[in-house]
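In the part that follows, the structures are each spelled out as structure tokens.
Shared chain: chain A. Partners: chain B in the first complex, chain C in the second.
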Partner chain A sequence: MKHIVKIITLLVTISALWTGLLQMSLVPRSHIWLLPIYFIVALGCYGLLMVGIGLMRFPTCPKEALLLQQDISEAKEFLKQSGIDVGSD
Partner chain B sequence: MAAEEEVKSKGGNKYSLIVPTYNERLNIALLIYLFFKHLRDVDFEIIIVDDGSPDGTQDVVKQIQGVYGEDRILLRARPKKLGLGTAYAHGLKHASGNFVVIMDADLSHHTLLCIICNRKQRETGASIVTGTRYVRGGGVHGWNLMRKLTSRGANVLAHTLLWPGVSDLTGSFRLYRKSVLQNLIESCISKGYVFQMEMIVRASRKGYHIEEVPITFVDRVFGSSKLGGSEIVEYQKGLAFLLGTT
Partner chain C sequence: MELADRAVGFLLSMISLSIFTYYTFWVIILPFVDSDHFIHKYFLPQEYAILIPVFAGVVLLSFLCVFIGLVMLKSKKKKAQ
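Showing the complex of A and B:
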């Protein structure tokens, strides 16, 4: 099934649960009314957390950059010797 | 078709490396040299799909064909810029290998990565091996904080919305089984780099065996990189499209 259908089904299920909670009134109503807001805020915080963590752990590759530079010099030498004109950049 | 069967019966794998180019006169020459330097024990061919570059990219390719041979370097040019997706489709028509590697011409991905992808594919029998910059062993070089933030933010957004099953959606270094690539190209309709995203998301939806390898991305060694406001809008439109249609 299409992904959007999956997401909508999930949201519908959650809404049904939420409405169910409202009916049952085990917990004070005011709290239940605020649950969707809590959910959205939690989602936002989770997103920001993932971005922050990802940013901190973003891997870098300075060694590979160096190896690439060496490879490029070698390649340019070869091209010059083979008489291939690549012009200046 | 006959060529592919011949390759399989010999027990070896042949890799077609499709490289779309536009104004990559210097990079393509360096790239080809590096392919031949690092892929010594691999049976491969390079298919260059050039979209009528005004800077003489095709002339440089023709000169290099003189060094390495026209059977190893195939120049399959097109008259003008016709888009990434069609470039892959065009290259695929001329591919005689049973595996296809897609990568950029700008040296952002090291040619050694091809070996790593091949090895992963052989180990796991996967249909697609895609590179990811976000895991340890991979990474980027030459990105400032803003660029990393944008990249990470975009990635988290895509993950929350699409649950794609891969950690790097916009990476453009991938190895595909040729039949799988043919199937995917026919089902994908986006333009530009959103096309790359659509391919991997659709592949994930179709249940293809996808493996990831860490890859390194060294920011444009020569030339300028493009990441502006319009790219961000295009990305969000792409996400919405993928959300609704995959």
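Showing the complex of A and C:
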């Protein structure tokens, strides 16, 4: 709930700034009309960048994976000895 | 596998950074440069700054809709079996 309030405040601030710029007409109008699309493009770029960074430093733990495999095989052996069918490897 | 993932991630970040830099130059800085400056040769006219993102967004949205529709159809078929 708090997060959405933050996002809405940000959007309102940005739109207020934009309308202010439109009213002041310091810069030619056609360039100010481009700003919302620029924001959308920037948001898309940010999302893509975050996905790329997440892919680049994706945490893996090979040591723990080996230990887990060992545990699994141990448990399978134990269950087989007690006569429970656990399927083939 | 891990190396490929890392390469893809690096590529994605590079693509996003280059798009962001190019678009910032195009939209924010170029209006303040004289129109007969040589740098204008490297950028398309200003209309394309709207057309290309809108077109890309429409294409992305339609792809998403088609994908969701296909997934729904597949899951319905599986349920019927």
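To be clear about the criterion, the second predicted complex is superposed on the first by the 73 of 89 C-alpha atoms of A that agree within 3 Å, B and C clash if a C-alpha of one lies under 4 Å from a C-alpha of the other, contacts with A are read in each partner's own complex, and residues count from 1 in each chain.
Heads up, the rule we're going with is that a residue touches a chain if its C-beta (ideal position, glycine included) is under 8 Å from a C-beta of that chain, and two chains touch if they have at least 3 such contacts.
In this text the structure is predicted, and so the values were computed from the model without any measurement.
In the superposed model, A:Cys45 lies in contact with chain C only, and not with chain B.
Which of chain B and chain C touches more residues of chain A: that partner is B.
By the touch criterion defined above, A:Ile4 lies against chain B but remains apart from chain C after alignment on the C-alpha atoms of chain A. Shared-chain residue A:Met24: touches no atom of chain B or chain C. In the superposition on chain A, A:Gly54 contacts both chain B and chain C. After overlaying the two complexes on the shared chain, residue contacts for A:Val86 are found with chain B alone; chain C is out of touch. Once both structures are placed on chain A, chain A residues 51, 54-55, 58, 60 are touched by chain B and, in the other complex, by chain C.
Taken in their complex, chain C has these residues touching chain A: 2, 5-6, 8-17, 19-20, 23-24, 27-28, 31, 46, 49-50, 53-54, 57.
Contact residues of chain B toward chain A in the complex are 25-26, 29-30, 33-34, 37, 55-56, 60, 63-64, 67, 107, 110, 133-142, 145, 148-149, 152-153, 155-157, 159-163, 205, 214, 216-218, 221-223, 242-246. Looking at the complex, you find that chain A touches chain B at residues 2-4, 7, 43, 47, 50-51, 54-55, 58-62, 64-65, 67-69, 71-72, 74-76, 78-79, 82-87, 89.
On chain A, the positions that touch chain C within their shared complex are 27-28, 30-31, 34-35, 37-38, 40-42, 44-46, 48-49, 51-58, 60.
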